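Listed below are the structures to be examined.
Shared between the two complexes below is subunit A, which has subunit B as its partner in the first and subunit C in the second.
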Partner chain A sequence: MTNIAEARIRREFKEVVKSDEVAACNIKVELVNDTFNELRGEIAGPPDTPYAGGQFHLEIKIPETYPFNPPIVKFLTKIWHPNISSVTGAICLDILKDQWAAAMTLRTVLLSLQALLAAAEPDDPQDAVVAQQYKENHSIFEKTARHWTAVYAGGPKSYPDLDSKILSLKTMGFEEHQARAALSSKGWDLERATEYLIN
Partner chain B sequence: MAEGALNYDPSKNYDDQTCAQQRDIEKAIADEQPLVSDILSFDELKTEYQDDEIFKLKIDDLKGRYKHMRKTRGDGNCFFRAFGFAYLEQLLNNNTDFPRFKEIASKSKDELVALGFPQFTIEDFHETFMEVIEKVEKKCTNEEFYQLYTDQGISDYFVVYLRLIVSGHLQKEEDFFIHFVEGGRTVKEFCNQEVEPMHKESDHIHITALTAALGVNIRVEYMDRGDTPKCNQHDFPDGSRPSVYLLYRPSHYDILYP
Partner chain C sequence: MASYFDEHDMSNGEGSAQPRPDQSLLLRILEMARLLQEEMDVEIVSDLGFMSVSGKAPPASKKVVEELETKLISPASACLGKQCAICLVSFVEEDETKVLPCNHQFHSVCIVTWLKQVNSCPICRYELPTDDPNYEEMRKHKARAKQREYEQETLHNSMFG
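On to the complex of A and B.
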């Protein structure tokens, strides 16, 4: 890691730790080791969204060319969102790609991700299946996103009807997350999800 | 894996692939071209255009009016990099404009912060920007200056700060510049997309804003495909006496020495 990248991250790290947002438990950043090239981020799901009440963990990798190139960020917590891959956690956000500017910081990134949770951009999707559901069947999308928030991010809302569908797939021998992902992408249609898993 | 007609694999990150490809291209360019080259003669430039009669004529035109040139790396930052090098090198050799420029440079930080730029990063870039300027003030040798300015990290910090100055000026004079922003974008959106990110190429609007913000006039010699034997000139601002001379070839700026 070059000196510029490391010196900059050290200072940014302090900036985030001291920020008002941290005080309000909205965002958080931690070191993974003592090299400053890999960090863990955490953001709170914004209120009045399907992500409310959830805590989402992020993997943040600092490239050697930082801050001239953006940090490489992905969600470690599984999430159902049009701009975040439900499989890999990869994120589609302009400032993490071609609109990154060296004047931005880790704090900017975390706050922008929080804003992305509050305002998805389904026309520029990372996960095409989720984006399609978001646009074509929005109430199912919201319910699914809330369910994922409850299961993976410690959110409050539970849906016994969804849990029982997952349970019936589990009794057929499928693994729980696999069952949930299949049901989610098939609009919680048990028959279509089963068919999908078998094929 | 994919739903319906969408031929899409959610476990694959398509953006990552594009970004990786982009980084490979950037690295190839960085390995081949220095940030700022040594001084080159126009005959050396001509070797790039063996079979190009129009460009050879235009190089002869330049040869009659300029002594030599330096090339800059074609990484999308060439305008800013060329401008910074040419202007500072000139201050190094003749410092009459120095006090005026230093005052503008010093004040620029507070202006940017007042415009809403994050103080934390602005201070960081401004510090390096001023360090480079102070080296020039202390009359480092031309060789020392070249070493400093072609240090990738320092040079990129300098470029970033020039980009911020342009962004700040465009936003401050929004009512004027909004007429030159294409694609129905606001001035702020334009700055976020085309000015502040590294590697975004510069256009007339960037040059106009930089010359106005710093009070340094620029002449650009345009070497294009037009079939006149001479390069077209444009002075920023119009009718001013230039102090920095740049050569424009499609999508690229280099430095000229009168």
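On to the complex of A and C.
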């Protein structure tokens, strides 16, 4: 790792740790090792969104050329959101790609991701299935996102009707997350989800 | 615009020596339609331009970067404790810096490295000229589109405002 990248991450690390947002438990950054090229981030789901009450973990990799190139960030916590892959956690956000600027920091990245959770951009999707549901069946989208937040991010809202559909797929021998993902993409239609899993 | 006159059963002032009372309004509507049409053309052009630069802005013009004046940090300004937003290190006496036209100041080595990659200020995105003719063309179109937007607004306000 080049000196400028490491020196900057050290400074930023202090900045995030001291920030008001950390005090309010909104964002957090932790080191994975002492080389400063990989970090773990954490953001709280914004209030009044399907992600409220959830804590979302992020993998942050710092390239050699940082801050001239953006950090490489993905969600480790599974999440149902149009701009985040429900499979890999990859993120579609302009500032992590061509709109990066060298004055941005880990703090601004984490706050931007939090803003993305509050305001999705379904016309520039990472996950086409989620984006379509967001646009065409918004109430199902919200319920699904809230359910994923509860299951994977420690959110408060449980839906017994959704749980029982997952259970019936589990009794057919499907793995729980696979069942949840299939039901989620098929608008919680048990028949269509079963068909999808079999094919 | 023919359909506009057809639909409204108007003859476009044909054969009337006297200017009709609503003629100036019609002219203004025509002007607005022209502006809208041009705007649509511009959008198509800028979409193409955008594709050709694949989303990321090109480096700043080599000549423009070379011509940025180097400014040494004075003891007085070192005392202000300002820092370079790229490396996050506070400026100290004798540091070599450059000030962009937007007035943002960085270490010379930091900002030159950045401008070799992207043409804008890392803080406010003020754009420096580039050596990329496609990108410059797209920027000109964008500036014109903005000017038209302003003209349309003025026109709209003069008609309905």
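Assume the second predicted complex is superposed on the first by the 199 of 199 C-alpha atoms of A that agree within 3 Å, B and C clash if a C-alpha of one lies under 4 Å from a C-alpha of the other, contacts with A are read in each partner's own complex, and residues count from 1 in each chain.
Note that contacts are C-beta pairs under 8 Å (C-beta built on N, C-alpha and C of every residue); 3 or more make two chains touch, one makes a residue touch a chain.
Since the model is a prediction, treat every value here as computed from it, not as a measurement.
Student: Subunit B versus subunit C on the shared subunit A, clash or fit?
Tutor: Once subunit A is superposed (C-alpha atoms), there is a clash between subunit B and subunit C.
Student: Counting only touches as set out at the top, which of subunit B and subunit C does A:Ser85 meet: first, second, both, neither?
Tutor: In the superposition, A:Ser85 touches subunit B alone.
Student: For A:Thr108, select first, second, both or neither according to whether it touches subunit B, subunit C, the two together, or no partner.
Tutor: First partner only, subunit B.
Student: When the two structures are overlaid on chain A, which partner does A:Arg11 contact: first (subunit B), second (subunit C), both, or neither?
Tutor: Once the two structures are laid over each other on A, A:Arg11 reaches both partners.
Student: Contact-wise, after the overlay, does A:Ala128 reach subunit B, subunit C, both or neither (first, second, both, neither)?
Tutor: In the superposition, A:Ala128 touches subunit B alone.
Student: With the two complexes superposed on chain A, say which partner A:Thr77 touches: subunit B (first), subunit C (second), both, or neither.
Tutor: A:Thr77 sits against neither subunit B nor subunit C.
Student: With both complexes superposed on chain A, which partner does A:Thr144 reach: first (subunit B), second (subunit C), both or neither?
Tutor: Neither partner.
Student: Tell me the contact category for A:Lys97 with respect to subunit B and subunit C: first, second, both or neither.
Tutor: The answer is both, since A:Lys97 touches subunit B and subunit C.
Student: Looking only at subunit A, is it subunit B or subunit C that touches more of its residues?
Tutor: B
Student: After fitting the two complexes on their shared chain A, where does subunit C collide with subunit B, if the options are 3-11, 21-29, 39-47 or 57-65?
Tutor: Of the stretches 3-11, 21-29, 39-47 or 57-65 of subunit C, only 57-65 runs into subunit B after superposition.
Student: Looking at subunit A, which of its residues have contacts with both subunit B and subunit C?
Tutor: Residues common to the subunit A contacts of subunit C and of subunit B are 4, 8, 11-12, 15, 67-68, 97-98, 101-105, listed in rising order.
Student: Of all residues in subunit A, which touch subunit B in the complex?
Tutor: Against subunit B, the touching part of subunit A is residues 2-4, 8, 11-12, 15, 67-69, 85-88, 90, 92, 97-105, 108, 126-129, 132, 185.
Student: What residues of subunit C sit close enough to touch subunit A in their complex?
Tutor: Residue list for subunit C touching subunit A: 54-57, 85-89, 110, 113-114, 117-118, 120-123, 125.
Student: What residues on subunit B touch subunit A, complex-wise?
Tutor: Contact set of subunit B toward subunit A: 2-4, 6, 8, 10-11, 13, 15-16, 19, 23, 117-118, 120-122, 124-125, 153, 156-157, 160, 163-164, 192-193, 196-198.
Student: In the complex, go through subunit A and note every residue touching subunit C.
Tutor: Residue positions touching the partner: 4, 7-8, 11-12, 15, 67-68, 97-98, 101-105.
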